[in-house]
Amino acid sequence: MSGCPYFEKRHLLFKNKPPSTEEDEDASQAGVNKASKGGIIYGDYLQLDKIVSAQVLQSELKGNKIHDEHLFIVTHQAYELWFKQILFELDSVREIFISGHVRDERNMLKVNTRIHRIVMIYRLLVDQFAVLETMTALDFFDFREYLSPASGFQSLQFRILENKIGVPDNLRVPYNRRHYRDNFKGHDSEMLLATEKEPTLLKLVEEWLERTPGLEVDGFNFWERLEINIFDGLNKEKEKIEKMPDSEEKEEMMSELVKQRELFTSLFDEKRHDHLLSKGERRLSYKALQGALMIYFYREEPRFQVPFQLLTSLMDIDTLMTKWRYNHVCMVHRMIGSKAGTGGSSGYHYLRSTVSDRYKVFVDLFNLATFLVPRHWVPKLNPNIHKFLYMAECCDSSYCSSEDSD
Amino acid sequence: MSGCPYFEKRHLLFKNKPPSTEEDEDASQAGVNKASKGGIIYGDYLQLDKIVSAQVLQSELKGNKIHDEHLFIVTHQAYELWFKQILFELDSVREIFISGHVRDERNMLKVNTRIHRIVMIYRLLVDQFAVLETMTALDFFDFREYLSPASGFQSLQFRILENKIGVPDNLRVPYNRRHYRDNFKGHDSEMLLATEKEPTLLKLVEEWLERTPGLEVDGFNFWERLEINIFDGLNKEKEKIEKMPDSEEKEEMMSELVKQRELFTSLFDEKRHDHLLSKGERRLSYKALQGALMIYFYREEPRFQVPFQLLTSLMDIDTLMTKWRYNHVCMVHRMIGSKAGTGGSSGYHYLRSTVSDRYKVFVDLFNLATFLVPRHWVPKLNPNIHKFLYMAECCDSSYCSSEDSD
Amino acid sequence: MSGCPYFEKRHLLFKNKPPSTEEDEDASQAGVNKASKGGIIYGDYLQLDKIVSAQVLQSELKGNKIHDEHLFIVTHQAYELWFKQILFELDSVREIFISGHVRDERNMLKVNTRIHRIVMIYRLLVDQFAVLETMTALDFFDFREYLSPASGFQSLQFRILENKIGVPDNLRVPYNRRHYRDNFKGHDSEMLLATEKEPTLLKLVEEWLERTPGLEVDGFNFWERLEINIFDGLNKEKEKIEKMPDSEEKEEMMSELVKQRELFTSLFDEKRHDHLLSKGERRLSYKALQGALMIYFYREEPRFQVPFQLLTSLMDIDTLMTKWRYNHVCMVHRMIGSKAGTGGSSGYHYLRSTVSDRYKVFVDLFNLATFLVPRHWVPKLNPNIHKFLYMAECCDSSYCSSEDSD
Amino acid sequence: MSGCPYFEKRHLLFKNKPPSTEEDEDASQAGVNKASKGGIIYGDYLQLDKIVSAQVLQSELKGNKIHDEHLFIVTHQAYELWFKQILFELDSVREIFISGHVRDERNMLKVNTRIHRIVMIYRLLVDQFAVLETMTALDFFDFREYLSPASGFQSLQFRILENKIGVPDNLRVPYNRRHYRDNFKGHDSEMLLATEKEPTLLKLVEEWLERTPGLEVDGFNFWERLEINIFDGLNKEKEKIEKMPDSEEKEEMMSELVKQRELFTSLFDEKRHDHLLSKGERRLSYKALQGALMIYFYREEPRFQVPFQLLTSLMDIDTLMTKWRYNHVCMVHRMIGSKAGTGGSSGYHYLRSTVSDRYKVFVDLFNLATFLVPRHWVPKLNPNIHKFLYMAECCDSSYCSSEDSD
């Protein structure tokens, strides 16, 4: 970055001037320039020879250089660069979960920070469409034919990203009746297959949720207590309503109550859950769902504050991925019209179909909003469990040696 | 881009299905997949082998891999990628001006669109700081020492960009008492020197403004008419005020009037202009300034609508470059504190000093706001000049053969 | 705005100091404070007594103040404030079209600037969801019950906005099987009905497009020339392909050609157009469609540069309205889950169904991307028509007296 | 918000349908419309009669309606609306600190969420300038005179906000040599004076930092241990360097070491701290500074994760306030030029002078970046203190009754 002073010579130790007054007349001229003294320089560090030489216009190669193709290339390269970063963060988070380090609560800050960073990158990527949208359909038309058959369906990193977060093979919308992996060959195809088999972020979060302290049947037994409280609450409501004089309102309230009872009966019905799971309408195990709801209800407990933030960030990622898809659809509509696509393809409609809850990996975290209850129905923690929650998993002996660099 | 259908096989002709109803059941599955039939594929087209393999962590090389260095690298690479694009647009605009094509008004759309694209990219670059800000000072400290002596001051593209837009050598704030070019060696240094000698965007815009139709002394003679109208207007104000009964308000208004007269006297004082020019407080020639003010006042004339948009976009670029610098300063403050910098450097103060009107290339376009006058003081166009403005430079014989691809 | 100096005392004339050097030591202290001298003050000007006293929490009225309700109110008020501004711009643009002023090309800058402003406001409104998303489903649940039966469906301004832009009654998705106007009573309902009958932006743009110079059958006759050129072009392609030796590629190209011919045959089929129009799949008249395509193809002609920008901005508005809807859906999903809604409602699914091309008013401008052709197929302008385009509608006698304030 | 279904009728209990399959054909039509059944409606709830009737154009009152004044008013109203929200959040956070509730760590989520919300609002406010920037200097000139003497300096809420966060009276840049409070009269002026005397966010955070567990001299005694470790570390460095053969590099490293020692000597010099405090160059007490550095170094301890996030968000607010000021300056430059301002005022220069570290309330949190040390110099926690940190302030007996609504 231009003139960025934190990019500077440091020997064996960190070097700072003692603070002086802010108004220092010559503060901006006091340094010694060490750029010439050996060590790595900016352009080499960033491998800019690769980065800024990678823009080859097909239209130019074919003797008809079209100005806007350059933007097209750079924009897609910027997307891929950021996909690389997202994958790097995602892999590091998955690694923390896989190695069990997340049981050491000290790692939660790291997990949260990195997931939040993915959120921030996605926000940028959504905004980035505004740049490509400075190209009109007419500009695009001029070089479109030269791209054949290159296709965004061939973005390996994007598919890996979907796989590693947890978009399952069987919920994908096929494109032109073919499997998404058919767009890739050899090594790439194998790599994709491999990522389908690795533990996804969804799976790892699920396992972590299943371990939520307080779920133990022989302990606080959150789920049973919750069920009792809810149906107690509903029964009290019913009694109240029954005492009302007959009226349209009474009838309405009673019918509402019946619906509520049905709703909550469904929540506590494990078989129904498994059925929805098999259809892809739920994605978390029954136990994990319990853990998530527990974190929701007790989010202000110190032990659950950071986990609650994590669940929120996971929803952010889902939302932003889906907004990215939608922005993409909008741009494609503008570039090629709704009926377009080539060779009989149907890109616009395909893309629209991927802006769907089927692609929302953490859809259960959203849908839990359906099962909220008044605060006084939430089981009270007793002092023991309160303390327990607070200390949970704190006393591993390894905390002093845990590594910060990974 | 994932699943992007406009990236698709096209043979000799553009291929689209005839539109059918939007609800097409199988619209999303109707295509034929041609990815396997030869031609260039996505990853090769974008040279992703270069792009996503260019992240080498110095901390890792030195045996102490620090996670956040990856973000640091990717962010800077993304900046350089976009700088490349900005330079590409800037060069194409300069080329249109240099080759005289801008006299063919048909090129104004292109110029405007590309300058506007630079605006949009800068907006993204300003927002992009939010991503790097997910790294804390503590994270940065862990790998900072490995970067030595790489420095953002060594960003060749950024310096070229400044030069080509029109940041002049003599207005630059020196860094550590050294010339900015001393951070570069050999070929890079020569390239920088070369760009200092090329016509800058500022210079080219200046020449274009000097040709503004209506400035001709033997024609509409805008400048003289304006001067007459303004001083007429001021005189009438004076008479009006003089007729008022004595009061504090009258006095105040009279003193205000005197200031106004001084202000406008200064506007029409060419020597004073040249003096300010020599000090770097003005940057456009006297004639160009006249052209700019003319475009301001007659911006609604069809002939001047697009030129007016161009002037507005040039201010946008200036403003965004300065916002970029300021965001950069804020980030550096956060990363290394205000007193920091290394080896006796003074990065924070240096950077702050570059967030200055000295670095605003089109500062005159902003400062013209000081010289606005009521609409009825603006000289009226007569029907002839009106028509003239409208037809200006339209009748070149070459328009049919002008190339759109460049 | 805090410390905003452009908000300052000005008497009868505009008052500026003569410029001096930028480094003016005391430049920041040289003024005279006139705030105390009478005239309107900031808070009264902005009617802040109304604006900042309009936050009454229902939860507080009902004895259970919930903190986050304040954010909920302020966010919605901010939306309504901006809707007011959008309506103000929209009405002024419609007024220019209705009064015929747009025929005076001098008004195009105004039209364009105001439409672009709507674009910028919509961008802000899309971003604004990020603020409301700091409220979680659990926070919302705490005061949700107090809002009954207030509903966003009752936003009068939003419905008026849809009507005035051109969302037609018959393409609206019904909500709970009821007409959208049933959410409104008395005066509001009548006002909505009235706006349904006013000329929409779509209608006005359509009429303007129908007047595109160059469409005249007894003049340049763009449409006929285009048809001839396209089918000539296709025939030449056919001949070329027929000369190729038999191969799979040849067959493919021939079948592609057939599709192209079908596609363009459909473009020139007025009956088909009217059929699609009756189904709501097209929204512009046949003649207006021709005008739009003409502006697309000749966008670099000085006469068409600003009209082309206008068409682009209209697509921006459509896209942003649809992104706004989609962001809204995402937020609702997060707040109440996918199955939620109350009283048997189905808000999430309803909202999802409005994120549809049915609500894209200028959908034809997008879909024209399907009908682009190589530049050499576009009919050449002869010098006369070129000049004509350039001078079109310039010579109205009223330009000198046209009012800038409206 | 338009069509927003979470704004809907709810009786005594929360009402949700039992989940069914996502593909529900008629899911979007299943509801019962209850808007007509009494209760509050949308427009009344939001008091839209006040909000959307508060746009009175001075130019219109004076018989010369200028279109763009409407945007000017709405933009400033939107700013004030959001200032109201920021103040609401800020007051609630200050209240939690004042009442001592923050000692109950359960309140930290609330504090963090609300501070983060302020961050998100500020981000929007920074972006919002893009809307007002669609107005040019020339448009503004047309109605500027009618605003006199209304001035943004008179924004009561903005001044209150500055006061409550902690911009101190004595660090303010005077405007036209007058005290900022002189722009206000009567009740407003008194209110401002009152807010100067209330505990600022800075003060409250300072007190909270002073209580950071681990600072106790008779306990973990962080500060003494840190001092010992740092000087031990520096001494070991020195020995290492002394063993090197003489060389330029050795000399340089030794001189660097001397600077480091000076730097850290200054850190542990309480008198020097108090001196800087008295000059306004530091803003936190010596003890609070220790607490902040402790949170920095042990940020991964579960007990310190959320506090660390809070410190980060406080820096975000500072940065965003300063970006807001800078964006404001940029817009003013564009609207009135650098030399402008009226009645001898000097708005642009005044505003530029407020974009200064003097207005950064939490400047110490930035400057602590100067005092970072390698991780192995940070004193190790022993198992006891580790546990202590983790349990700190957990066992208040009141947790069950703590109120969530405030």
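Residue numbering begins at 1 within each chain, and the chains themselves are lettered A, B, C and D in the order written.
Just so we're on the same page, contacts are C-beta pairs under 8 Å (C-beta built on N, C-alpha and C of every residue); 3 or more make two chains touch, one makes a residue touch a chain.
All of these numbers come straight from a predicted model, not from anything done at the bench.
A comparison of the B-C and B-D interfaces places the larger number of contacting C-beta pairs at B-C. When each chain is reduced to the average of its Cα atoms, B sits farthest from subunit A.
The distance from the centre of subunit B to the centre of subunit C, each centre being the mean of the chain's C-alpha atoms, comes to 27 Å.
We define each chain's centre as the mean of its Cα atoms; on that basis subunit A and subunit B are separated by 35 Å.
The centroid of the Cα atoms in subunit B and the matching centroid in subunit D are 31 Å apart. Within subunit A, contacts with two or more other chains are made by residues 11-19, 22, 141-142, 256, 259, 299, 335-340, 343, 357, 367, 370-372, 375, 404. The part of subunit C that touches subunit A in the complex is made up of residues 133, 136-138, 141-142, 256, 296-297, 299, 312, 315-316, 319, 322-323, 326-327, 330, 333-340, 343-344, 355, 357, 363, 366-372, 375.
Interface residues of subunit A facing subunit D in the complex, by the touch rule stated above, are 11-19, 21-22, 105-110, 112, 237, 240-241, 249, 252-253, 256-257, 259-260, 262-263, 265-266, 276, 279, 281, 299-303, 305-306, 308, 357, 367, 370-375, 380-381, 383, 386-387, 390-391, 394-395, 397, 399-400, 404.
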